[in-house]
C-alpha cells in the first residue's frame, strides 16, 4: 500500500515548514527510518525520517515552498505498486483530516505561500560550456531566451561586460547574506571578491547605526511575532522575591571539586535553579499548564527551558523531565543543549517541548527584571545578579549574598496567591540546598 | 548526366548491376511484366528473362528466406517487398536470419543481398500500406539501411548496396519515385556511412531523411529570406550512420532539428538526438527538436492523413522555434 | 436443393447491390471522391452472396483487400460503408480505415484486411473462440488464390483441422494475384487439393453460380457447427476490373481483353436472373424494380456520405489504445 510522507508535527506551536533539501530523489529505494528530507520550521532545521520502506515513487513538494505541517510531500510505494492517481496531479496534498492528531491542527493554518520553487539555473548547454570556459557563474546572468533560459549569447555578452570577479564561496556567502556583490570591495587578485570580503561587508552591514533601517531576519521575525503574541494574549503579572544565595553557593563550592574530578561536570547556578524550579512545579502543577481555547492543559512532563542568547536572537532548549533528573544529569543535559544551541544543532523537539522557562541575566549588573512568557507556557522565571547586601539581625549588621528572582505568569490561569506560594517554595528550596539536592 | 526520375534511376542501377554481374537476380511480387508496383523493375524481365527477374508468389517469408539462402551460396539477390508494411510477415527471415548469420557463424558466410522496401504516407492507403518504420531496421545490428533522397543518391546507393557484402535494407520513398534529378549514365557507387551536407549554413542544422531532405531544402530557402542560415544534412544511410558529419555540423550551429517520417517514439530522430546529447551537448544553444510522424497508425481520411504528414511548413516552424534561442 | 423464392431473390438482391455499389465506387473513384485504393469485386459477387447467404447473422467472416462484396453480403449498411470510403467520421471505422478495412463487430465482420493472407489465422481464432465459448457459431474466411501462397494459409488449415474448428476456408480463385497469373504463382490448378494435406474436405466449385456456392457452404457450415471441423472450398471466378481502380486498362499488362470478355459472358448475376425469369420465379420487371430500389439506397448512401463531416483533426489521436488512459 502506498504510504504518504508528511511534514511531521514538529512541536505544538509549529504550523508550517519548508523543505530545504531532499536527501533522496524520486525513484530511490528508501528504508524505514532513513532520512528523507530536511525541513526548516520556525527556528530549527530537522531531518525527517522515512515512515516506510519502499520506493520513493513521487515527490509532491519541491524545496523552498512553505506549507502547513501534515502536508503530504511524497509517496512511498511497495514493489510493483504504481502511484495512486490522486497523487499524480503533482500538487502537495493536505493530509486526510482524520490524521491530524491534536486540536492544534484545528487552528487555522497559514495558507501555503505559493512561492515558485527556485529550481536550478536554466541555461542551454552551450551557455554552460561558455560560462565554464570563462570561469563565470551562470546564476548571476539574466536569461533572455524562452521562459528566461540563459542563452549562449547572454553569457557571451556578460563575459564581454566588465564585471565583478568573485570567488565561488564569496558568491554563496553573499547570496546567503543578501548582499549585492557589486558593492563589496574585493581584496583578492585583480580585485576578486573573496569570502572574507563578504564577511566583512556583512558585519558592517549588520552593525546598528543611527538612522539605519535593518530588515528583520527570519529569526528576529519569529521572535517578534511570538513575543508580541504572548504579551498581547496572556495578561502578565509579575512577582519578585529576594533569595539568600549563601547556602547555595557554599553548597556548590563543596560539591564542585567532586563533580569536576569524578564526573567531569561543572554545575552552574542555573543547574540548581532548573532542578529547584522543577521540584516547585511538582508542588504547584498549574505552573506547568498551557491554555488551549477554553481548556487548561496541565502538561504531563516538567521540561524546564533555559534561555540561551545567540548572536542573532534567543532560543530556549528544554531539559526534559527535570524534576526526575539528578543534578549531575541536569548538568550534563544543560551543557549539551547550550553547546548545541550555539552550533545550531538542536532538534525541533528540544526546542518545542519546554513547559517552563528560566531566563537569567545574572552575569550583568541587573538586580531584577520582568520577562515575557515563552508561549504557550504560563510561567517564566527571571534571575538577577547575585549581590552582597547588608541586613539587620538582632540589631547586628550582617551581610548576605542575595539574588532577586522574578516570576511572570499568565494571569488567565494563575492567580497571585498561587504565584506567590510557588515563588516562596522555590525560595525555600534554594535556601536549603542540602535537602533540596539530596536526590542526586 | 541527364534528368531522370528516382524510379528510373533505381531501374538503371538494377540494369547496370545485372549486366555487370550474372549473380544478381531480382525477386518480388509483380516485378515482371507489371514492372513493379512503382515501376522500378520496368522492362527488366523482358531484358533479362523470367529466370533472373522472378515474379514470386505472395510468400514473403519464403522468398526473402530464399534470398538469404541464395546469397549465402554465391548469389546476389535484390528482392522487393511491395510495401515496408509487408516486411512484418517475414521478420524472422530479416532479423533472425539475414541480419544475424555472418556474426552468429563467427564471420563464416556472407549474405550479400538487398531488400528493397518503400515508406511514406499520403496516398490514402491507410494503416497497412503507408507506414514508415524504417527505424526498426536501423535498430538491428548486422543490417545496413540506405535511405536515398534524390535520383542521384538512389542510383549510387543501390549500386553500392548490390556490390556491398552486407545485407542491406534499401528504403525507398513513395513520394520520391516521380521526383527528377540529374543522374550520370555510367555506374558509380556512393559509399555507405557518408552523409551529405546538402546545403551549408551556420545557424541551424536540419538533419533530414528521405523526402524530408527536399522539404528541409525548401524550408532553408525560405528561412534564408529571414536571415536564418540553415544547414541541411542528409545521412543517406541510416546504418551505418555518419556521426562525424552530424556532430561537426552541430558544433558549428549549436541548434539541431531532426526530421524523419517514422513515428516519433524510438525512431531515427530519437537516435540522432541521443547521439548529439551524448557527444555534443555542450555545444547546444537550444533544445534538440524532432519533427516526426505522430505516434498513431496512419489514418485513412484525407484531412487526417494530411495532418499526419508534414513538410516544409512544419520544418520552418521548428527552425524558427530554434532561432528563438538566438 | 430446393430453395424458396425469397431466398433466391435475396441472392439476386445481394449480388446486384454489390454490383451497383461498386459501379458507383468506380465512378466516384475516378472523380476523386473516394481516395486511396479501391479493389473492386465486380464479377465475383456470387461467392460472397452464396457464402454469406448460408451464414447466420452471429457467424463471423474475415475479409480481404477486395472486401466490399463480402461485407455487403454479410449485412453491412451501405450508408456507413459509403461514408467510410469517403473518409467521413460517420463511416464504419470513423474514417480511419477506408476501403480496405471495413469492419462491423455487430455483424460478425472481423474486418477487411490489407495483408494478403492476414485474415486466415484470425478466422481460425474466431472459430476456436466459438468452440471455447461453447457456441455453434462458425467463421468463414475469404482469401484469394494469391494469398493461398502465404504461409498463414498452411498454418491456419493445419491448426483448424487439428483442433476441428468451425471454420470455412473460402478461396476465391480469380486466376490472378495482381499481375501474376495462377500458373506463375503456384504449380497447381486446384487449390482445394491442398485440403488433403490437412485432412479436411476440399471441393472445387463454380464461383459464378450462386446456387452452387450456397449449397457447398451449407454443407460446410453444417459440418462446422456439428464439431466435425473445417472445410476448404475453392471457387473459380474472375474479376472484371483491374487489380484496383487505376490499374491501366483493367490489367492489360498481364491479361487479354478476350479473356475478360469471356468471363463477362459468365456474369453470375445474369445467370441467376435468367434462371429466375425462365423458371418464372420473378419477372424482368420485378427484377428491374429491385434494381431501382438498390439504386435508390445507393443514392441515399452517397448523399449520407457527402453530407457527413470529415473527422476533426484531434480524432487522429483517438482509438490508438482501447482505453484512453493509455494514450499520452
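Going in written order, the chains are labelled A, B and C, and every chain counts its residues from 1.
Convention: contacts are C-beta pairs under 8 Å (C-beta built on N, C-alpha and C of every residue); 3 or more make two chains touch, one makes a residue touch a chain.
These numbers were taken from a predicted model, which means no experiment stands behind them.
Greatest Cα-centroid separation from chain C: which chain?
A
Would you identify the chain whose C-alpha centroid lies closest to the centroid of all protein C-alpha atoms displayed?
When every chain is reduced to its C-alpha mean, the one closest to the whole-protein mean is B.
Measure off the straight-line distance from the CA centroid of chain B to the CA centroid of chain C, and report it in whole Å.
Measuring from centre to centre gives 36 Å for this pair.
Mind checking the centre-to-centre distance between chain A and chain B? Centres are C-alpha means, answer in whole Å.
The answer is 68 Å.
Centroid of chain A to centroid of chain C, CA atoms only: how many Å?
Distance between chain centres, rounded to whole Å: 83 Å.
Give the list of chain B residues in touch with chain C in this complex.
For chain B paired with chain C, touching residues are 29-30, 32-35, 37, 55-62, 85-86, 89, 123-129, 294-297, 299-304, 307-308.
What does chain B use to touch chain A in their complex?
Result: residues 254, 281-287, 324-326 of chain B touch chain A.
Could you please specify the touching residues of chain C with respect to chain B in the complex?
35-37, 84, 87-89, 93, 95-98, 100-101, 113-117, 146-147, 149-152, 177-180, 184-186, 253-254, 310-311, 313, 315-317, 320, 328
Give every residue of chain A touching chain B within the complex, in rising order.
Touch residues, chain A against chain B: 124-129, 145-146, 149, 151-153.
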